[in-house]
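Two complexes are shown next, each including subunit A; its partner changes from subunit B in the first to subunit C in the second.
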Partner chain A sequence: MAVARVALSPGARARRRGRALTGYAFLAPALALIGVFTLLPFLQGVLLSFQTWDGVGRDTPFVGVRNYERVLGDSIFWVSMRNAALFGLVGFLAGNALSLAMALGVNAAPRGATFYRIAYYLPGVFSVVVVGMMFAWILQPTVGILNRTLVALGLESLKHNWLSEPATALPAVSGVYVWYHWGFGFLLFLAGLQGVPRELYEAASIDGAGAWQRFRYITWPQLTPVTTIVTVLTLLAALQIFGTVQVLTNGGPGYVTEVPTLRIYKEGFQFNRFGVAAAMSVVFGTILMTLSLIQIWLGRRIGSSEVD
Partner chain B sequence: MATVETRALPRPRAQARSRLTINALLRRVTFNAILVLVAFVALFPIVWMLAGSLQTIRELYGGVTFWPSTLQWQNYAVAWNQGGFRVFIPNSLLYSIVTVAAILVAASMAGYSLARIEFPGRNVVLLLILAILIVPLPASFIALYKLLVDMGLANTRPGYILALTAGGLPVSIFIMRGFFVRQPRELEDAAVLDGCSAFGVYWRVMLPLAKPGLAAVAIIQFLHVWNEYLLALVMFNSETLMPVQRGLTRFVSSDTPEQHILLAATAMAVLPIIVLYAVAQKSIIQGIMEGAVRG
Partner chain C sequence: MTLRISRREVLRDAFGVAATVGIGPILAACGQPTAPAPPEVPKGKPEESKPAAAPAAATSAPSKPASAAEIVYLNQSRGQFKAMSTLAETYTQQSGVKVTIDSPGPVDYPKKLQAASQAGNMPDAYYAIGAADMTPYYKAGFALNLKPEMDKGWKKNFQPVILDLLEWRENNAFGVPPGIYHAAWEAISFGILYNPALFEKAKLDPRKPPATTQEFMDALKALKGAGVGGFAVADTNIPQFLQTYASNWLTDEELDATFAGKAPWKSEAWTKSIQLFADMREAGVVFNNTLNTNNPDLERSFFNVNELGTFYTGVYSIPVQVTTAPEFTAYTAFPVPKTSDAKQTIRSQGGPGKNAVVNPKGKFVDETLKYVKWLTEKEQQQVFMEMVPLVPTNPEALDPSKISPQLAVFAAELDRLQKVPTPRTGPVNEALIKGVQSLLLKETTIEQVLEDADKAQKG
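Now for the complex of A and B:
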């Protein structure tokens, strides 16, 4: 045995080393790119949050926690965080309810499922800028189709300068957000529904369960993993909303529709306070990554409970 | 007796059935009406934008015109020539194609390694890539900009392509790895016995088998690069280098163009995506869901 092991191990070790070499050689391009352009900026960002930088020069003196003090005292940043949370809540409640309802509908539709799937997801492939431009035109105060339709219907009192009035700006942007993103949850819910075993429904029908009971006791529990994923991803997307808001309102009127990414962008590229912007990024990024970790953790837990 | 029974029964049954069908019919009509209404809401903004892009400014502002009396194709010509889209669109094509190619090479190699080669530290690398996957761009674009400035890559084509390639890699690696993991071991063994090198196995045996995965990654990343905005916004100030989404907001803010030209410009920014979606909606939807579940 011992002899055999001694005789084998150099060859085995060489093979092992060869495999490791091949393995890392194949990984090298990807790891180099990720390391330089994703990992390094991430670490540099943390460093920069303790420094000050004007965006041009090479000078980045340390300022301790001053940037963070500034972030804590920046009420607009916290308004933007509150707005992001609000978008998250709207996406979570209205968006997910719509997603689930329409997935149930299309799943039950005798024909046209493919058409509905294509149509409902179409907004999801547009860019944030394009969506902003389309709705800026629809919501245009004097000749936009929304206000024109309201007037034609005799609902002149409901006419608004949607994106410029403080009372309507946030609801209008939320509406656009839901229009843009609900298709994503719809797709996932639809796939989830198609994965529910038919036998469960057949058994329930034999037991005399009504439509609501079938939903409550079969569909809903079976969809739990999908609901979890959709919820967290909707929340994450809502918190990161940026381009659409920039095009529609640029955070206005005042700061009514300001969102964190836009705030970070302005802090850096308009006010040239990149250190403060980096500190905001760290605060904001920590929240986003915590949410992602919760999603992974929940996904694991659901996955393992399914196996049991 | 039996005949009497069968003769007596049909009437009430038929009545119940007809009442039921009216109810069911009503329910089916409402049900379908809701489905169609939602499809209308989903499609209307894009159709409205396309319709407006072919109208004169007078039609656009004068009243509700759906179909223009004559199609104003010159709106597109104006946006193309004076709006800078003859620069933005080729730029976007270049960025998309090069980035997608780079991602396909790097992600398929990495995915193959992580799926088929057993080496020490493999799980650590997997975990690292998973961790990178959750770093959001809004949390790192300030530092990424600084890095690009330090490297002299801000406001350059290579800088944009490299940053986008790195950004698209983690999810692409996971998708590719998923495809390689599912392939049977025997093919690989046979190729090794035939004297294939590790690279030969990857290139000649595994890559052809993973074609659906490559297609999914290519389509998803093309969409992503074509639609990318935040990075392009912060890193380009030369108009000649801007991709189409950045060019569009530049166009809006620069010389306040008229609405009909703006709509034509928006249409140009989105038409390639609509064509791609029409051709490859199945792969797009599948790829998006795979990305979501893995991410």
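Now for the complex of A and C:
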């Protein structure tokens, strides 16, 4: 259908231009902040990945792709990537499943909802250092609450040096991470659930749908947009885990809980190899971005097929 | 009433505010720099205002008071903060030079120092962390070469071994220009703390600490048998332990060659050194079967919980006991034991501890240098010794009658300290720490640990 263009008077054009300028003026501070504090450092980081820098001197010679060659050949970096993938998987599956289950529970039983909302969200309010110190005490092998409780219950055989045994270190840190972050997903899922029209459930009940069918055919499709956002954000956060690992294990024992963010930090701030750290950041950032795009694309496809 | 605001008005106001906020500082910055107001010169006799905790301090303070200088020392150590503050106060009162101790805490310190170097506001004096960590600062010209001053007579304030370890020689592996870049008032040595009560519980004679590796292993097995934690070393101190233990077979020159990358890590001596950890693993005598713990946690296990029989650490753990477990004094220390097949006399790894670097780009370089020199004088080092406590670097300040029996063991180690001028690099330290941790978990071999160390050395 052809749309007829209406000729604007000079006054209307000026008003439109003025409106556009006003819009840009309002956007300018945000754009300037993003430019100065996000885009510029990002570009500097990419540039630095082709240079060497000790973090102090003014000398930053270009080294071509040497930093990237080093990163690609660094077995510890790839071990840390594998660990991050495991953290991501746990955060993505267990973290989101728990958040969703808690949201479903609170949504279904509104009595005491405020209490549960606060209780579930509370861990996320603490500083990561506080959480780390707290769990370091809980999981301490000799005087920690967990092992002492196990002994008191006669379950001495289940005692472990939770943060220092290779079999338990990664699950223990993952557990702490999930506990610390579940409130975020919980709140978003709860908000999503409260937006699902009641009439849909009533109609489904009249049609004889059971609890599982109501969840499968009403709740889940209706939650798709929220699920996409929550999963993208929680996956990215889990892959970028840093504070919890640094405080609890510092990547140990050996490299069992080493993660890319910690590796990047060590390369830069401990070994003064900022060029290598920047190259690691670029590689890691590219992987994260690719994963996010795939996930968003998948979320859209699943969402549209659910609607169909 | 409806308040009508036009877009033009909003824009005009917004630009007005932006201009005021933005242009103001720019204009201010373009003007004449404002000189800092001279600090108020304290009145009264220095002796009157001298703190009680520092009775002997500052007897050799500069003689010309009422200076307009104001210097800042960026401090890393929590343990010495009180002593530094007390001495700074004394110095200010006696010299008129205002000294501020800026103490961001040990965790934030490296980042704050680095940020200061980038922002161009480096403090007048600051703490040198590890020798390898500080090389970028030395190479970037943020450290005054103190060697000429040392040669003019300042070196009398330091034990010769400490001076040796402070000096960067010609053609060093790190490319640092030759010289001395920091002055230390603490001498660090390492040893093994042990709990005599737990030794008795394990039916060991606490008056006869192990002197050989065999005796040490036997003692650890006895401790294990008595249900007591055997041996622990903080993850960060694993390389120090290995360096000390390797001196059973390696001379200082050979150790230095390894750290400088001129000799391989994969060698018989280093293999034997790491083998000790494998033997400990097999005997099950490592505390909690792991070496993934930091020093503060182990200090708590040793001093507060009293669950640890032996604990390899530096002299810096003693102030922690003084602060956190003052009633627990029934412990002592012994040096790392020698082996039966030793080719050398075992020597402790150690060297300069708490210290100051003078920033040559600072505003008051001469005043800062005078202040740092003053800190290393006998009287001030005795204040450190009493307040921190620590082993002073000034031979005149080390009064054996004034130090605790525990400190005395560490002080005695200074006589047989290794003279290895090249420090280990950060990546090498990490390779050794992670390697030994993985070895305890049977996830790697000694050969692999040393291969990784060689790889890390090549950088």
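Note that in this section the second predicted complex is superposed on the first by the 254 of 308 C-alpha atoms of A that agree within 3 Å, B and C clash if a C-alpha of one lies under 4 Å from a C-alpha of the other, contacts with A are read in each partner's own complex, and residues count from 1 in each chain.
FYI, a contact is a pair of C-beta atoms (placed from the backbone, for glycine too) under 8 Å apart; a residue touches a chain by one contact, two chains touch by 3 or more.
Keep in mind the model is a prediction, meaning the values are calculated, not measured.
**Student:** On subunit A, do subunit B and subunit C fit together or clash when superposed?
**Tutor:** Superposition result for subunit B and subunit C: clash.
**Student:** Kindly classify A:R19 by the partners it touches after superposition: subunit B alone (first), subunit C alone (second), both, or neither?
**Tutor:** both
**Student:** For A:F269, is the partner it touches subunit B (first), subunit C (second), both, or none of the two (neither)?
**Tutor:** In the superposed model, A:F269 contacts both subunit B and subunit C.
**Student:** Contacts for A:G183 in the overlay, against subunit B (first) and subunit C (second): which applies, first, second, both or neither?
**Tutor:** first
**Student:** Comparing subunit B against subunit C, which has contacts with more of the residues in subunit A?
**Tutor:** Partner with more touched residues of subunit A: B.
**Student:** Quick one: is A:L163 in contact with subunit B, with subunit C, with both, or with neither? Answer first, second, both or neither.
**Tutor:** In the superposition, A:L163 touches subunit C alone.
**Student:** May I ask you to decide whether A:N83 touches subunit B, subunit C, both, or neither, giving the answer as first, second, both or neither?
**Tutor:** In the superposed model, A:N83 contacts neither subunit B nor subunit C.
**Student:** Answer with first, second, both or neither: which of subunit B and subunit C does A:L48 touch in the superposed model?
**Tutor:** first
**Student:** If you stack the two complexes on chain A, which partner ends up touching A:M102: first (subunit B), second (subunit C), both, or neither?
**Tutor:** first
**Student:** Who does A:V143 touch here: subunit B (first), subunit C (second), both, or neither?
**Tutor:** Both partners, subunit B and subunit C.
**Student:** With subunit C in view, single out which of the stretches 62-70, 152-160, 206-214 or 260-268 of subunit B clashes with it after superposition.
**Tutor:** For subunit B, the listed stretch overlapping subunit C after superposition is 152-160.
**Student:** Taking the stated contact definition, name every residue in subunit A that is touched by subunit B in one complex and by subunit C in the other, in rising order.
**Tutor:** 19, 22, 55-56, 143, 269
**Student:** Which residues, counting only subunit B, touch subunit A once they are in their complex?
**Tutor:** My answer: residues 31-32, 34-35, 38-39, 41-43, 45-46, 48-49, 52, 60-61, 64, 105-107, 109-110, 112-114, 117-122, 125, 129-130, 132, 134-147, 149, 162-163, 165-167, 169-170, 173, 198, 202, 223, 226-230, 233-234, 245, 248-249, 252, 259, 262-263, 266, 269-270, 273-274, 276-277, 281, 284-285, 288-289, 292-293, 295.
**Student:** Can you name the residues of subunit A that touch subunit C in the complex?
**Tutor:** Those in contact with subunit C are residues 18-19, 21-22, 25, 54-58, 136, 141-143, 161, 163-166, 249-256, 266, 269-272.
**Student:** Tell me, which parts of subunit A touch subunit B in their complex?
**Tutor:** 16, 19-20, 22-24, 26-27, 29-31, 33-34, 36-42, 44-45, 48, 53, 55-56, 102, 105-106, 108-109, 112, 115-130, 133-135, 137-138, 140, 143, 145, 148, 152, 179, 183-184, 187-188, 191, 229, 233, 236, 240, 242-243, 246-247, 260-261, 264-265, 268-269, 274, 277-278, 281-282, 284-286, 288-289, 292-293, 296
**Student:** Considering the complex alone, what residue numbers of subunit C touch subunit A?
**Tutor:** 7-8, 10-11, 14, 110-111, 114, 117-118, 133, 135-137, 139-140, 142, 229, 235, 288-294, 297, 301, 305, 307, 425-427, 430, 434-435, 437-438, 440-441, 443-444
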